[in-house]
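Two complexes are shown next, each including chain A; its partner changes from chain B in the first to chain C in the second.
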Partner chain A sequence: MKIWIKTFARFREVFGDRFTVEVPLDATVLQVAKTVECMHDGGRGMLMESDHTIRRSVILLRNGRRIPGEGREQVRLSEGDELTIYPPVAGG
Partner chain B sequence: MIKVTSGDFDVQATIDAAARRSIGAFVTFVGVVRDDGIERMYLEADCFAAEEELSCIRTEAVDRFGVETVDIIHRVGDLRVGDPIVLIIVGASHRRAAFQACEYIIDRIKESVPIWKKEYTPDGTRWVPGEHEDKKTSG
Partner chain C sequence: MLSGTESERYLRQIPLIGEEGQEKLRGAKILIVGAGGLGTPAALYLAAAGVGQIRIIDPDRVDRTNLNRQILHTEKDIGRPKVHSAAEKLRALNPEVEIEPIEDALREENSDPLVRGMDLLLDALDNFQARYILNRAAVSCGIPLIHAAVNGLSGQMTTVIPGKTPCLECIFPHPPPAARPPVLGITAGMLGLLQAGEALRLLLSQNAVAANRLLVWDGREASLEYIPMDRDPCCRVCGVERGSSE
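Let's look at the complex of A and B:
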């Protein structure tokens, strides 16, 4: 299935601002994040920890709504969903 | 007013617009671009989501501290040293709640509002790490 990916700031510079990835049906957020990170050598370690979990400081939104930290990696996405990936924020 | 904008802001006009007879104190916070050896700074935001998050923070501040008004304006785009970045104005019947709410708001902005800063130095560029950053994502 096709998932839209949107990124900002340093992630945008590495991965691109909006694009699609092809993942298996009912893929989880974790699977999609791994797919994105593997697309560019320069992105290695930006999204994932060495134990293959998503970095806690990375913020994720599904169709514009934040995915809460607890259990977020196992959230299953649907065809056409948009996963927004924020680097740690630095406003103010 | 809650706004993410490339334009400058007018502190006094924002206070005037918020003024009401029950308010006894306005606390104003203005964040500015500090000279850390940089030539300029570029601020990027997910603007719609940022304004939504700022609105949530305003609601939190009103609920927690009982303040009467909260205005937050955050700038994006290219800024130079000394340029204002963010304006927070909190109006309350008494000063203590206004000070507490103002500090709470700037801390929450740094924690969760989708805005990022890129610094341009004579040696190149660097993304400013967030206060809630871990080491690997700051490269």
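Let's look at the complex of A and C:
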């Protein structure tokens, strides 16, 4: 199935602004995130931790609504969903 | 009632905000936490606009690496406390506003006395540890807080209205990794001015544009986008259901 990905900030510089990825039917947020990270060598380590979980600071939204909590990686997406990925920044 | 000097100084903005608005600004008290890349442009424009009392806190001294973005400090200020360097320039710009420099870090134990009595708080910090302290003080004292942060060519801003909008811990329950990111001066300047603009809207009783959402600036294409944000009912700082899951 096709999932739309929308990114911001430094993720946009590496992965692009808005694009689609092909993932198996009923893929989870974690599977989609892994697919995105593997798209570009320069993106390795930006989205995923070394233990293959999604960085906890990264904000995720499904169709414009926050995917909250610890169980967010296991949320299953549907054909045509948009996954927004925002990496918060901290500098001042 | 505005003085003759005030009427002259603010002549070009009074048509926009009225004498009543100008008097509101004169009576306002703002705490700016950080006299760096975000805090200096924000303070500069808030002082110019006539915000009556600006308390600015920062423990650091100016060094040469600050000067690409911390716009109130100059080569001559290297080695001086940032808050005194900033206060000098702000007073020179507008002697009618009261500047209160505090050379200290925001900590859990001094946060309450620092924020109490303020109308508005500006997060111009560079780390989430201190941001969480400021956020807790804002929520506990019921004072609006305008957050911003930058990295490279992009930045983010959100406005916390305690009890009404998500607080910083609702939005960022886990801090991004601590780092010293590259920053182009104009990125910090843009975000500092967006904070100053939001501060003026709040002080003038207008709508906050960054409440309930994260405003994201991308300097590569000069774009502003908004990401909607909700309160977390289980937020450990402001959640209505906090404690029930513990």
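Methods note: the second predicted complex is superposed on the first by the 88 of 92 C-alpha atoms of A that agree within 3 Å, B and C clash if a C-alpha of one lies under 4 Å from a C-alpha of the other, contacts with A are read in each partner's own complex, and residues count from 1 in each chain.
We adopt the following convention: contacts are C-beta pairs under 8 Å (C-beta built on N, C-alpha and C of every residue); 3 or more make two chains touch, one makes a residue touch a chain.
Worth saying up front: this structure is predicted, and the values here are computed from it rather than measured.
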{"item": "Fit or clash - chain C, chain B, common chain A", "value": "clash"}
{"item": "First (chain B), second (chain C), both or neither touched by A:Met46", "value": "first"}
{"item": "Chain B versus chain C as contact partner of A:Ala90, first or second or both or neither", "value": "both"}
{"item": "Which superposed partner A:Ala9 touches (first chain B, second chain C, both, neither)", "value": "both"}
{"item": "Chain B versus chain C as contact partner of A:Arg62, first or second or both or neither", "value": "neither"}
{"item": "Doubly contacted residues of chain A, that is, touched by chain B and again by chain C", "value": "8-10, 12, 56-57, 59, 61, 64, 84, 86-92"}
{"item": "Sites on chain B touched by chain A in the complex", "value": "31, 43-46, 49-50, 74, 85-86, 106, 109-118, 127-134, 136-139"}
{"item": "Touching residues on chain A, where the partner in the complex is chain B", "value": "8-10, 12, 45-46, 49, 55-59, 61, 64, 84, 86-92"}
{"item": "Touch list for chain C against partner chain A, complex", "value": "34, 36-39, 124-128, 148-152, 154-156, 171-181, 183, 188, 214, 216, 218, 220, 225, 227-230, 232"}
{"item": "Chain C-touching residues of chain A, taken from the complex the two chains share", "value": "8-10, 12-13, 56-57, 59, 61, 64-66, 68, 84, 86-92"}
